[in-house]
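Below is one structure, written out as structure tokens; the observations come after it.
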Amino acid sequence: MLKTPTIVLNVKTYTEATGINALELARLMEKISKETGVSMAIAVQASDITRCAKEVSIPVYAQHIDPIKPGSSTGWTLPEAIKTAGAVGTLINHSEHRLILADIDTCILRARDLELDTLVCTNNVATSKAVSTFSPLMIAVEPPELIGGDISVTTADPGIVSNTVNAVRTINKTVKILCGAGVKNGKDVARAIELGAEGVLLASGVVKAKDKEAVLRDLTSGI
Amino acid sequence: MLKTPTIVLNVKTYTEATGINALELARLMEKISKETGVSMAIAVQASDITRCAKEVSIPVYAQHIDPIKPGSSTGWTLPEAIKTAGAVGTLINHSEHRLILADIDTCILRARDLELDTLVCTNNVATSKAVSTFSPLMIAVEPPELIGGDISVTTADPGIVSNTVNAVRTINKTVKILCGAGVKNGKDVARAIELGAEGVLLASGVVKAKDKEAVLRDLTSGI
Amino acid sequence: MLKTPTIVLNVKTYTEATGINALELARLMEKISKETGVSMAIAVQASDITRCAKEVSIPVYAQHIDPIKPGSSTGWTLPEAIKTAGAVGTLINHSEHRLILADIDTCILRARDLELDTLVCTNNVATSKAVSTFSPLMIAVEPPELIGGDISVTTADPGIVSNTVNAVRTINKTVKILCGAGVKNGKDVARAIELGAEGVLLASGVVKAKDKEAVLRDLTSGI
Amino acid sequence: MLKTPTIVLNVKTYTEATGINALELARLMEKISKETGVSMAIAVQASDITRCAKEVSIPVYAQHIDPIKPGSSTGWTLPEAIKTAGAVGTLINHSEHRLILADIDTCILRARDLELDTLVCTNNVATSKAVSTFSPLMIAVEPPELIGGDISVTTADPGIVSNTVNAVRTINKTVKILCGAGVKNGKDVARAIELGAEGVLLASGVVKAKDKEAVLRDLTSGI
């Protein structure tokens, strides 16, 4: 189970984090995580899980699972398949890969059966509260309009973080709340934690950075 | 480029072909393909491509690609990712994973740019003809109601195979036509070829068989 | 706002309730509702709203709205359009028309802005609880495997009704809970109310009945 | 069957063409069509079909149909329902409402069975050619990046129109080809016809215009 506070990196389908590049980025995170003691996880494409999980000690997550059981689901992502490949958790319902409500429920149940960490992405306070009724391990609230942008959610809309924490706590005392969208540096991370989050979910801020190591080190300074 | 006549095995998301089981099945196919000289390819889950492609010499296909370019597509299947993992081709528009028309066009273009074989699945004569205008490498016509069933398309509806061949030929002289659904033995394969197909696409007939090797050998006898 | 206890009839896309047939069924319900004093609403296809709402006094619902604002959404269902046509409420997230979580939130907000009743369909206790955090007017829990079947949810799985009521009450004291799937007669309705529901959502039990009037009258006997 | 050359107006879900506004716009088109003799059709939201079709003599189209038969399809658009409501045709596969390939085939067949005109929208030459194998009544090619924009497809990308006409003619001699995206005035219409199209499909150019009548009259001047 992922330790918090934490930094979760979703590498999406960027060229800079596909194939060997995903592995190199995972290794870099492993190095910095070991040096700093900061908990980190990397969510890679399905085809990159096996190698990353085999060669790196930080937690490797899938970016998505489908609400299916083994059988006839050509081209969909079977929870068992990403588990067997070495993933220890998965994003669910990312902004770029939304699921219908009943399928979020099913995905969380399937992941729990397989002892996979569940990190469910949400777009606002209301949907975070709804998801908290399912008791996933973590919820990452990310306003869609800020994703991939230059301003961190912790600056552009700090209220969404603290309000999510407060709203979710009325329902569920144990789910961990992360925030994301536009997060780029240690100050953003520190601010996230001040607002009640237990870490961040980010992507382009690291993956598209010229000096990924510098950005990752800076991010850890916020924890 | 896959040689024809051929037997393409789509292992779907069956437990019997996930993780190490996928690799073992791929090895079995490799052995029989070498012994018999019959062209075979295996379409595995994205998380199984790397290992299968590394350890086995028969062509490894993805089961699906999404119509995307590198970037922000969390949890979707990037054509570059499956290429880098070692796939040499991909199924497109499988019955269990249909695509909108414009996306079939885009997937074929993206795969062609990456020099990936394209095997587009269709449900009837009319859609096969439509797809042939895109000039994929192969089209596999599979009546959905016969998929996973006990009766081979070549017995239950032989006309769909010959009519597809004839209809496609009025548009496109080079696309190779496979057929699928319920295919289980060498007689079905032989009949497919008599009807004008250049091979078969199958799944459960092999994957769910008690004696996979016997079934695979029998299938090759039809070519 | 729909009065409870209530009987909500979803006529789906049945021939027996398309066009003039929808209107006749709405008139029949109006007659029985007036005679018995039992609250009833009818959810019709978008193209049938105008006529039903104009000619009948019982509440007319849409079967679905999309999470959109006026603009460029060709062929989707604009909440304003069904409101203008005369609907006073809408089903949301029906089993045959599931929505992603963020869109359920948006649909409820859009409907509330337009003062449309919201009846959100769910598949189990967990998703009912999640939806209750959005405070719709009503939630109708319907186990998908029982929809359209011969055995009422109140017989086949009474626990899902009482457990939904109990689970939702821990979150939300005001949302009204209906149940559905296989409901066919007054005993089923009476049992639903005993289990804590404030009515039923049903479809084929009335629409496919030879004697719709007899079935409707029997249903009202349960309230 | 819609006469060509023609001007087809898709009013989308604009406020300016919802409810009574749709009816007024339909009446305006009827008036201008009668005065000028130019063939025109209007594609309105499902909830507006009944009234428009009843009160106006120009052809009323649906904006979409789903590939379904009567039955259990809550909230989807049944071809029979829009026919009964008075539509004489339908858009299929609009840029804002794309369909999977097999469903385009099914929608065309369902519409043909009901004697509804079929106007299938496409995004480029390749998909137009593919759709022409299904022999719909009309194909409207619209580059998505130009839809809703200020520059007409006939100016920004005239080649797509002439190339579509040429490519489709190698497959199908009878399907009528329209073009759309950014069309705003009579010159655009005239140019479309010069390029081999038999009319235009447009939306915002009329619906969002301050003086709809002036724009409509100008459009007819191009025919």
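Lettered A, B, C and D in written order, each chain numbered from 1.
In the analysis below, a contact is a pair of C-beta atoms (placed from the backbone, for glycine too) under 8 Å apart; a residue touches a chain by one contact, two chains touch by 3 or more.
Owing to the predicted nature of the structure, the values given are computational and were not obtained by experimental measurement.
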Steps needed, at fewest, to go from subunit B to subunit C via touching chains: 2
Approximate Å spacing (C-alpha centroids) for the pair subunit A, subunit D: 43
Centre distance in Å when subunit C and subunit D are each reduced to the mean of their C-alpha atoms: 34
Length of the line joining the C-alpha centres of subunit B and subunit D, rounded to whole Å: 37
Sequence positions of subunit D contacting 2 or more other chains: none
Chain contact topology (line, ring, star, complete or other): ring
Pairs of chains satisfying the touch condition: A-B, A-C, B-D, C-D
Residues of subunit D touching subunit B in the complex: 93, 98-105, 122-124, 126-127, 129-131, 133-134, 171
Touching residues on subunit A, where the partner in the complex is subunit B: 10, 12-15, 18-20, 43, 45-51, 62-64, 68, 70-78, 80-82, 84-85, 91, 94-97, 147-148, 203-204
